[in-house]
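Reviewing the structure listed below.
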């Protein structure tokens, strides 16, 4: 099979899977739908693997064009794909994790009436996600960008009978759209300034920073904040947990939300040349990392904790991008994909076991009932906490080291954020799996380990989370930082421009040691608090301390947005509708007609039927006509 | 002499014309109208239109006025209690007609001071006849159509239908 | 000229028919008389001539207008057959109608004030009577009375005007009058080379008389009442034949006879036009009686005609002719429908149109086309009429007046569409239509479309 | 001759339909529309993409006024003709099983088609005006006879509104006509030349007159108030004709009759017009958000979309005009589908009130899916037809002025806000008593909606053929423009 | 001799009195009479001009006016009689059903 066809088939197979399942979903038995769904993604994974190996063996990036898509005036965009190390890596993550989650979904969704629909959406999502990373121009990336937003919408609102879920879905889509608008305008500005929207044409033309470039990069970044749930557009992600758990794992942890990271990394040269945007990325990343981490401390919904954790981790990735450590960002993205998918799937397994119970206050002591889930979850927690040698340790450490090089304050904030992460993840772990079981007798009776289709992906991901860090072991620990080398062609130009920092190995060791120590302290703290003292978060309605309450209510950000954006907009809409439209413009138009009627009535009275009066008027007319002679 | 006669006749004509308007009794009005007509006939004689004066007297005083009086008598209208317009309407009428007169006179003012001719013979019947039956033959014939139409019309309107009943559709 | 004889003869025949009991033939004779007269008029096309010592003058304009009123009369006759039936006055009515047509023809072809005066009077006296011919109906009588009173009153002004003009020029002949106003010819009465002031006043007073006949505001007040009260066929006659004749009088007097003074009257004509537009259009908006509404409509149409006429009185006769054709066809169509409705339902109230689209689509379509044409919606004849008027006045730079006319025609849409809206309302009542009326409507619709789509057919004349 | 056939086939069919019994009339009308579609496909087959006006037919008509019956098609015309010929059979199909519609209804639809095609192919100013006005008559009757409540008042308002505009246009055309060299002519090219020879103040007058006419038709804020009422009260097919095809007449007018005619004024006042259009986008979107009536909501959304098209067109870039062309096609197809779905829902639930609906996707998943796709087209999701046009239009506006482009771009967000809210309110949630009886799409309805869905996706993925058709014409149009403005500077 | 102006004024005054009568009175017969007065004023004017211009056509025209006046009066009175039969009145303002 030719490379061109293979590349073409990678996104096409999931699309075909979607079309097939969607069109005949009513008559399709579940097993067959699952087969189509998993099979298409798996085939894509194989193809991606082939491409990856080819690139690994030193092949040039593949750039294939299929057909001209939009062409108007001097604008043209074609349907063409670019497979370079970056997108190849993304392909592997998407199709690989995607496949695992497909498998997982078979077990998780088996009893749901919308099983087939679910698979069709998942396949569609994979298609768009692939398009996003494979597109060789901004517009195609935008297609994928919006497409995944749509799938996210569809999947969040998967259980559409629940209007709260639908609200969450709408919120996700609309907040994404805010980012999308910014992104598309950024793209258009790129077109205006560089005359093209192909990466291959644009990047060579970007040679120095300028105001326009800053505007473009900021606009693109706003797009990224929407998709990757950064401040200020992050609030949709926790709500997005309304969707089925595999969705949270795939879309809202592993793949879609990292699109922003991918996009910034893809445009690294643009960012490298506009320091202002870089600083913005860094600041937003730091703020989000810290902010979301604090919120996660007080959440009681197992998925919400993970969601805020995701936000926080994404913030960390942007920190990496913001300090110019693009490869580190991507590295962390990859490891994060492993362990966060693992954590979500684990949480899903818990939820599955407890019959859709998500509140950690009603859990506890589960490690006895569902051991496989517990162990895999434990791996995930250790990975995210950065315990060596789990994946998270390497990627996070690299980011922190780069941040330290850049700015010590940034490092400090990032460290605090990651220590908080350790704390709340362990809090989650301890409350859920340790201590006494707090659910009802009825539920306890039914708790059972999940089927193989759920546990196998968990195990695979656990292995990845445990070992995934070795693709980026830094040199000082005897590694070769393979991933950085692999990605270096993508960031080559940026590296040329950037001043290289050199940091002494000593400093690096010290930093690493400090972090590990503090991490262990955090673990100890959490253990004391939640295992030894067996503290359980207060139940709903009880008195909380002020600080706790603020965090518990997520700093009231949703309420804040509601009152400064949503409600005013509704008021304005009402104002337009009632005041300007109905009693303004339309009233004015109708007034013409009414006054016409009014005048007509007056004129009608003139015609009063008395012939004497008519003659009178006529004589007045005659007088006026004769008086006209005086004018002449 | 002619001048005095003119002023006298003018006075009679205007005065009786005013009385036509202001008399309460319709019969008086019509009678004053006859006087006016006679005064106008006098004017005709003054401007050498003797034949016309004769015709005038015959047609107006003789035929038309008789018709008026006949109708008044027929309808038994020789009363003074006919409905009158309100004072406001009357004042308005007087003012309006007055303004019209003023405007007309004003616009005709100072046109010609040429005196009227005298001793002209065009008013004689032979002159008129020549014109009437040569140049104006067609109008003359047409006036027969006119009279025919009027006649038919009068018969048609005047004839009392048995079905005639006041009715109001509204 | 021969046409006039034929028409008068037919009128007299109608009278004789009463005597000799030829009543059953009267319709055929009438119709053939009209057709014959039309043919004769058209045959006269090549012989432009003065007749009877210059009493009448048949030029192309006169012939065209004569042909137009004769054609209109034919359709009118077709439409109002029932009017002449079942009445002891059949012959009288026919005779009067024919005398009226003869009067109208004289008003078109006159070349002497005497002919004008007699023409107007023959027409008017016949119409006074015809308006009151529905003797069982008090409205008809009222219409007749109002028409008579105001008509004879306005005749007084017309005559006063004629007298003054005669005094200034010494002649009743149109030809002489138009020549005598040349500065090179000394005034007959003063002997000096200046036209006396009362010549101008005479002109104005004649304008008053004519304005009454064409029912331009503020001399239009009789129109709605008379149109509403008269029997519908007579209303139709007034709004078509009489209007055409009155307009040809306007053209003859003010663009031929007083051609030299046309310019000084322009402002006055425009003033009349403005008043007409405002009064007629606004008053028409809330009319509930179709005949009355169409009366106001006909007054407002006078506004457009006056706009064209006042913009360029010398060269507007073509435009006016086209407009009058369009207007007459539409009026005939509208009144034909109204007549049918009135016969079957007893009144011309707009509510009687309810459900017409469903119950009798042909009538509904005819009414719609009539209304659209009057409103000036393309591609009907009325649209081209208005278009020609607007372009004429625009090309003479009367932008403000044209805008006024455009606004007027927008208001026009307001009331012309009211019947259409009513027709679309549901109702169960049914209306029937005879075969002959069906053909009449179809032919009139066809003419309207034909004239609208190919205005050149008319313009070649 | 093909052009003539395009105009007269529906016209003749309309007359024949009148005389046929009801059932036959329906199918004959549909058949005629199919024939028309076939003719337009033949036209496309013979169309030379590199040439300007083709299939010309020109014969003197009213010689005394310099009016010719002159028709022809270039790419811009052809696209819109195609839109008309494609949608009309669809519109007829939607009425095929509606027993309340007599044969005259079908006749009027065909008449409408004929007139609209006439508008798109006219190459003579007067002819254009005539067709423009004639198109108003059938739609007036369709709305008047078969409309909803208050139709008398609303249709009259609609008529007078649009007539006001078109009279202004007539005045402008006549004004230009008098500036053509004697003997005056209404021919398109002569009018172009006449218009270009005018000074800026004169051009401005013409611009105002014409743009108002087109703006009312589209409609653009603030002369849009006839539209929501009319769309709401009109019967389904009327709404479809109005929104899917007729409003394109306005934009077509801007492209064909305004921009090349008075380039200086367009350049001078284009900004103002664009700002109004953009205000309209925001304004209409905001109002759409708080509408309870489903149909009315879509009516306002249509105003928003048209505002974007109008603004993009007036940027005078080929990106903008091409975007407008493709967006016109897309919008036509999309609103066609949207209104049909609204009709299906209201027919089954007897209400169009959004708060009373909900949960339809539980009982009618197919309908919900179709609605979803069409809605996605409407909110310009990539790979639907809406995206191509909207992207090009926003692109042109950003090129014009960044802040205008950004403001106009808000339609991306606002459109999503109200459309998704609508979807949520009508389709999602629990099924209630009103919607419980809703059945899924019948075969008949699928016959209409599946092609719509298919077209939306197809155009979204592969719009190139359509863009190619109009490319030459648009470039011609704008090259002439740039030439004129260059020489004027 | 008498200046021609005087005649013009005289007939103007008579004409105006006729108009006044039409405006002033409600009795239809008197109104008709006043219209006759107006016509007579015109006749007088025509005769005077005819004499002045030495042209008989003016007087011929007067004949026609007389004929017409006679015809009009006849028709008018016939209509009046018809009205009287229905309303028992000759008040010109009693018929005011047609209005609005």
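Assorted remarks:
Letters A, B, C, D and E mark the chains as written, and numbering starts fresh at 1 in each.
Rule of thumb we're sticking to: contacts are C-beta pairs under 8 Å (C-beta built on N, C-alpha and C of every residue); 3 or more make two chains touch, one makes a residue touch a chain.
Every value quoted in this text rests on a predicted model; they were computed, and no experiment measured them.
When the partners of chain C are compared with those of chain D, the chains appearing in both lists are A.
At the far end from chain E, in terms of centres built from Cα atoms, lies A. With centres computed as the average of Cα coordinates, no chain lies farther from chain D than B. Chain D has its Cα centroid nearest to the centroid of all protein Cα atoms in the structure.
Pairs B-E and B-C differ in how many C-beta pairs touch across them, and the larger number is found at B-E.
Our note on geometry: chain B versus chain D, Cα centroid distance of 71 Å, whole angstroms. Rounded to a whole number, the gap between the C-alpha centres of chain A and chain D is 37 angstrom. Here the spacing of chain D and chain E, counted between their Cα centres, is 66 Å.
Averaged C-alpha coordinates give centres for chain C and chain E that are 26 Å from one another.
Among the residues of chain C, those in touch with two or more other chains are 114, 118, 121, 125, 128-129, 132, 135, 138-139, 144-146, 149, 153, 189, 197-198, 201, 224-225, 287, 414. In chain D, no position touches at least two other chains.
In chain A, the residues that touch at least two other chains are 593, 604, 607, 609, 611-612, 615-616, 619-620, 622, 626, 629. Interchain contacts (touch definition given at top) occur between A-B, A-C, A-D, A-E, B-C, B-E, C-D, C-E. Those residues of chain A that touch chain D in the complex are listed here as 22, 67-75, 139, 142-143, 146-147, 150, 153, 157, 160-163, 166-167, 170, 173-174, 177-178, 180-181, 184-185, 188-189, 191-192, 569-570, 572-574, 576-577, 580-581, 585-586, 589-590, 593. Residue ranges on chain E touching chain B, taken from their complex, read 1-10, 12-21, 23-27, 29-30, 32-34, 36-37, 40, 43-44, 47-48, 50-52, 54-57, 59-60, 62-64, 66-75, 77-82, 84-87, 89-91, 93, 97.
Every residue of chain B that touches chain E in the complex is listed here, in rising order: 2-3, 6, 10, 13-14, 17-18, 20-22, 26, 29-30, 33, 36-37, 40, 43-44, 46-49, 51-52, 55-56, 59-60, 63-64, 67-68, 71-72, 74-75, 77, 82-85, 90, 92-94, 96-98, 100-101, 104-105, 108, 110-118, 120, 122-123, 127-128, 130-132, 135-136, 139, 143, 146-147, 149-151, 153-154, 157-158, 160, 164, 166, 168, 170. Across the complex, chain B is touched by residues 8, 11-12, 15, 51-56, 88-89, 92-93, 95-96, 99-100, 102, 106, 112, 114-115, 118-119, 121-122, 125-126, 128-129, 132-133, 135-139, 144, 189-190, 196-198, 201, 346-347 of chain C. Chain A makes touch with chain C in their complex at residues 593, 596-597, 599-601, 603-604, 606-607, 609, 611, 614-615, 617-618, 620-622, 625-626, 628-629, 631-632.
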